[in-house]
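Both complexes below contain chain A, partnered by chain B and then by chain C.
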Partner chain A sequence: MMSKFRITKIALYGIMILWSTFVLMPLVWMVLASFKTRREMFTAPYDLPSALTLDSFERAWGVGLGWFIANSALITVSSVGLIILVSGTAAYVLARAKSVWLRMAYIAIVVGFAVPVAAVIVPLYQMVSAAGFVNSYVGLIIVTSAYGIPFTVILFFAFFLDFPKELEEAARLDGCSKQQIFFRIIIPLSGPAVASAAIFQAVFVWNEFLLALLLLNSPGRKTIPVGILQLQGEFTSDWPAIMAGLSLATVPLLLVFIVLQKYFVRSLAGLGK
Partner chain B sequence: MSFLEITNIVKDYGAFRAINDVSFSVEEGEFIVMVGPSGCGKSTLLRSLAGLEDITSGSLILGGRDITRDEPADRGVAMVFQNYALYPHMTVAQNMGFGLKMAGQSKADVKVAVERAAKTLRITDHLHKRPKMLSGGQRQRVAIGRAITRSPDVFLFDEPLSNLDASLRAQMRVELGHLHAELGATMIYVTHDQVEAMTMASRIIVLNGGDIEQIGTPLELYNKPANRFVAEFLGSPRINLFDGKIAAINAQTASIKIDGIADHLEISLSSDSGPMASGDKVTVGIRPESINDTAPWKIPAKISVIESLGRETLFYVNADPVKTLDPDAKDPLFAVHKSNQITAQIGDDISLGIPQEGVFLFNEAGETVRYPITQTAP
Partner chain C sequence: MNSPFGTQKQAGGRRTMSSGASNAILLLPALSLCMIFIFVPAMLAISGSLYSYGLTSPTRDFVGLGNYIKLVQDSIFWVSLKNNLIIVFGSIVLQIGIGCVLAAILDRGITFGSTFFRTIIFMPVIVSAVAVAVVWLIILDPNIGMLNKIVQSVGLTPPSLGWLGDPKISIWIVLGVAAWQQTGFMMVLILAGLQGVPQERYEAAALDGARGLRAFWYITLPSIRNILIVAVLITTIGGFKVFDFVFVLTKGGPANATQVLGTYTYLQAFTLGNLGYANAIAVVLLLIAVLIGWLQLKVSRQA
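This part shows the complex of A and B:
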């Protein structure tokens, strides 16, 4: 007779396999579809591709996918860097603050996290436009960072609250200023928190569509999600090329995740520790 | 003027006064131990000396220099923390040299200082390791090494041994004593462990509720505690206390009535005895090791607990109707210390001989009004 423990284990594995299949199916379909011909796409949508042809990748690359990836990479790296720098310093000050006003500032930031992008998009566009930042990388980087900062502040805040105070005190006795404590002691020991923040924000910025569509409109500046939309416009029926483009767009993020996932999982398991 | 002058220190946290107008001075090379129960202000006082807490008022003068408002690093103090506080991302050598590096010393100078400190503490083999790879005792050595490297005027220790196990603690106690002798440095040490205080201190400061109860050498405090609090705090097992009333008194003797005992306890008085009058309520104190079999005045009792420690034996005895005054104890038992092995059974009758020479008397305010007559060994 099987033990109760074993049955539970099998049931849990079963649920996990079902769920994973459910999540991965569309992705597998996307990759397979990118190898199909335009005809096959509609005649045999669920079959394996008849031949492993890279034609659709070439067509996708041909409309400037390389540029889109480069644009996305530039914006993602800059935004994530800015988000981590601003959130880290802000969260440190807030976590160590004793003043009521700074506590309220923290609450205001938490509230900011709850504001949906779409709700403020019109005034936001007017502001960016008035500042002359439409169609500039800097404009998009500032705006996406502003959206990413509240969540990251919350994440770092929790981490810094638990950060051993003695280390900071030892550093003060060793002659560190507040800035030196932050950059020489706290940041080097915040690997898991920084990795989690980096992964969360990289995924958000990389896939961000609405702001990029609105703020970057010259063809050479588009990011991947917006660029692929253009691919759909020019080759209305070229679904394999779109799938190929999307598959390529997934690769950089997958690499980031693989590199950082050890910290990411640890950070989630320890709630920011 | 003393090496370190601490004058009228007050530290308030909102309405709560953690340190209440504390003053004392420390001579160069002294090993000062601050003891007291949790929340007595000893750690706050130490942290105020380090500059980690801003004091509300008062002044700190170190070597003739006013350091009251100086940054921690500019005070000439180094601190060893209870949980070591080593930087996990640096090697032992980097940990020890970090202070000097921040002070802008050259790499070569830092290296020399680190190696010298490592040699003193016998951790040269570990210099390239991260703190994670070290045992608790080694980590504490590194933490001490970090302090030594900076060659401070005053070393501050905040319960540095309390995370170590008993045998390591005993070993480190001896090592710290050696280190103090070797460096000739001024050390201020906070602990709640009275054994550490008694064994290491040149002078002990007993704190209670933000006030200094008494300052003195370990034996002064043990033999001549200023009050009941100090008498209770030092000594393990704790001093036995019970209620009494002065039945008769003159310049030379006092006769004390103890409820439940027919004979009065007669004690001699001397010039250092405090004011007492007939009818005063007093608390009688007797150290566990002072109780013997030969004293004429006895309290009958029954053995409740026996602790045979090999070279010594501790009895806890029930002397009903005489109750000991110990707010923490469930049963008001007397502690008796014998410095040899004794065969006895739980439930055996025993007579507690209370020699009058060993008796402390405390008045109702808790002040000591009669000290035991101490015989110091030649």
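This part shows the complex of A and C:
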């Protein structure tokens, strides 16, 4: 009996170790390969680097990686702020809605979540281009935000449905307007929902590719995903430089995740409701 | 007074803003952004699909359903649709299937090291698909890629055209790379559901002799039914949205074997300059999306 129990335990750990190794190997190799010389990459691609050379990081940085990171940071911070603000207020109205019009507005937004950017990319590009917002940070921020809103509204909507109504009722009797109730009562008590929505949208905006590819393509204005593609195109056979660029673009984010992973995981817990 | 944003309730000279106006101020920014950048272009895609025009052409020729007639005869369109379905169903099996097993092990199978495993397996989720695809391009390289070495070391022969160069297997490789990245997301989503299953239910089942796999099958799975439905919907939507992986790993090649609706729309529009035809492909994608969005609404919690 005892031994059967132990065999099961070993098998379960075996599965976890197997998948973790599969997940970890490409990431570890990405970092190790960044420290190799180009020669080494072809003679002994999977050995530990013989010396820790930083040359490849210099070559990757020279493409403008610093700019890519700065652009991505600017666009992510602005878009996430905009998304959270407008989705929060909208979800609050919708979660308290009784009219048919507001129900239809919610339905439209939920359906909007399923619309792939690629399905509307032709008219969207022409619209942004006609308005003169191609290669403008503002243009990309607004369009990307529009695509982050539906999911965030759905998240907040579920959260606000559970929100105790007594507090709002009391505030209304004191003569607070809906805006005042939202900003003074709902928001201060919605920390976890705001944090999880912000995490989701930060990952979405930081990694968004198709919109950034079409709407922000002048050399100094690329975001990280588009920049990485340029890196890969320019250094076709210089794998250490590509890997160094990838490491610089992803490892800081992974470290942030490891520190905050508890919140990432918690933010997912509300999704299944 | 009835306004589109709700009935005004506060009668009698109070100096507060009407509830309709309040609703409008709070709702309109989000609603108008969605309208302008999601729904208006969707409508324009539908109307644009009835014309033939290019990126720089000054005129649009009305062709009616001509683009759609061309579409049903276009084998690349059908390959793209088939590939989207392969990714949808393949991802449901791989990502939700494996995610479910991993989550169940983390929930009740092991205690020591569970945070460690969870953190590692979730890590790729936050890396951009483009970065993931570039790393895998190098791993899958036919000359010195890691996968070739591994396959050779166990005495097998890697495909002579390369993993992504062989039209018979390339779409399955794309599917595998997506699973490498996304399974951790499903694992954590399902794990959150599992942790909500009350312990008593397992104890009661154990008294009836249901443990281990039987308990998983008869207790765990039914208890997380809702979360599994959400997982299937998210995976399905993702499967039709897929673009980045294909664009970076194969550009839809070899010979359009890995084209999906998203990349085929892009190819027709921005590489070949057939905007009207690209819109027709996009409209198919749009119809599928609206259908799934409607399904999502059916299962999502309503007030």
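Just so it is clear, the second predicted complex is superposed on the first by the 239 of 273 C-alpha atoms of A that agree within 3 Å, B and C clash if a C-alpha of one lies under 4 Å from a C-alpha of the other, contacts with A are read in each partner's own complex, and residues count from 1 in each chain.
The definition used in the following text is that a contact is a pair of C-beta atoms (placed from the backbone, for glycine too) under 8 Å apart; a residue touches a chain by one contact, two chains touch by 3 or more.
Keep in mind that this is a model prediction, so the values were computed, not measured.
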Chain B and chain C placed together on chain A: clash or fit? fit
Practice item. Examine A:Gln261 and indicate which partner it touches, taking first as chain B and second as chain C; both and neither are also allowed. Key: second
Once chain A of both complexes is superposed, is A:Leu18 in touch with chain B (first), chain C (second), both, or neither? neither
Exercise. Name the contact category of A:Ala70: first (chain B only), second (chain C only), both, or neither.
Key: neither
**Prompt:** Which partner does A:Ile7 reach: the first (chain B), the second (chain C), both, or neither?
**Reply:** neither
Practice problem: Using the touch definition from the top, say if A:Leu167 reaches chain B (first), chain C (second), both or neither. | Solution: first
### Task
Mind working out whether A:Gly175 is in touch with chain B, chain C, both or neither, as first, second, both or neither?
both
Taking the CA centre of chain A as vertex, the centres of chain B and chain C subtend an angle, in steps of 10 degrees, of 90
Review point. First (chain B), second (chain C), both or neither: which does A:Leu210 touch?
Key: second
Between chain B and chain C, the one with more contact residues on chain A is chain C
- Task: In the overlay, answer first, second, both or neither for which of chain B and chain C A:Ala131 touches.
- Result: neither
With chain A overlaid, the minimum CA to CA distance between chain B and chain C in angstrom is 6
After superposition on chain A, the chain A residues reached by both chain B and chain C are 175
As the complex stands, chain A meets chain C at residues 8-9, 12-13, 15-16, 19-20, 22-27, 29-30, 33, 41-42, 45-46, 85-87, 89-90, 92-95, 97-99, 101-102, 105, 107-127, 142-143, 145-147, 149-150, 153-154, 158, 161, 175, 177-179, 182, 203, 206-207, 209-210, 214, 224-226, 228-229, 232, 239, 242-243, 246, 249-250, 253-254, 257-258, 261, 264-265, 268-269, 271-273
Seen from chain C, its contact residues with chain A in the complex are 4-7, 14, 16-17, 19, 22-23, 25-27, 29-31, 33-42, 44-45, 48, 98, 101-102, 105-106, 109-110, 113, 115, 117-131, 134-139, 144, 146, 149, 180, 183-185, 188-189, 191-193, 195, 212, 224, 226-227, 230, 237, 240-241, 243-244, 247-248, 261-263, 265-266, 269-270, 275, 278-279, 282-283, 285-286, 289-290, 292-294, 296-297, 300-301, 303
Chain A residues touching chain B in their complex are 164, 166-167, 169-176, 180, 185, 188-189
As the complex stands, chain B meets chain A at residues 50-52, 71-73, 77-79, 81-83, 85-89, 98-99, 102-103, 146, 150
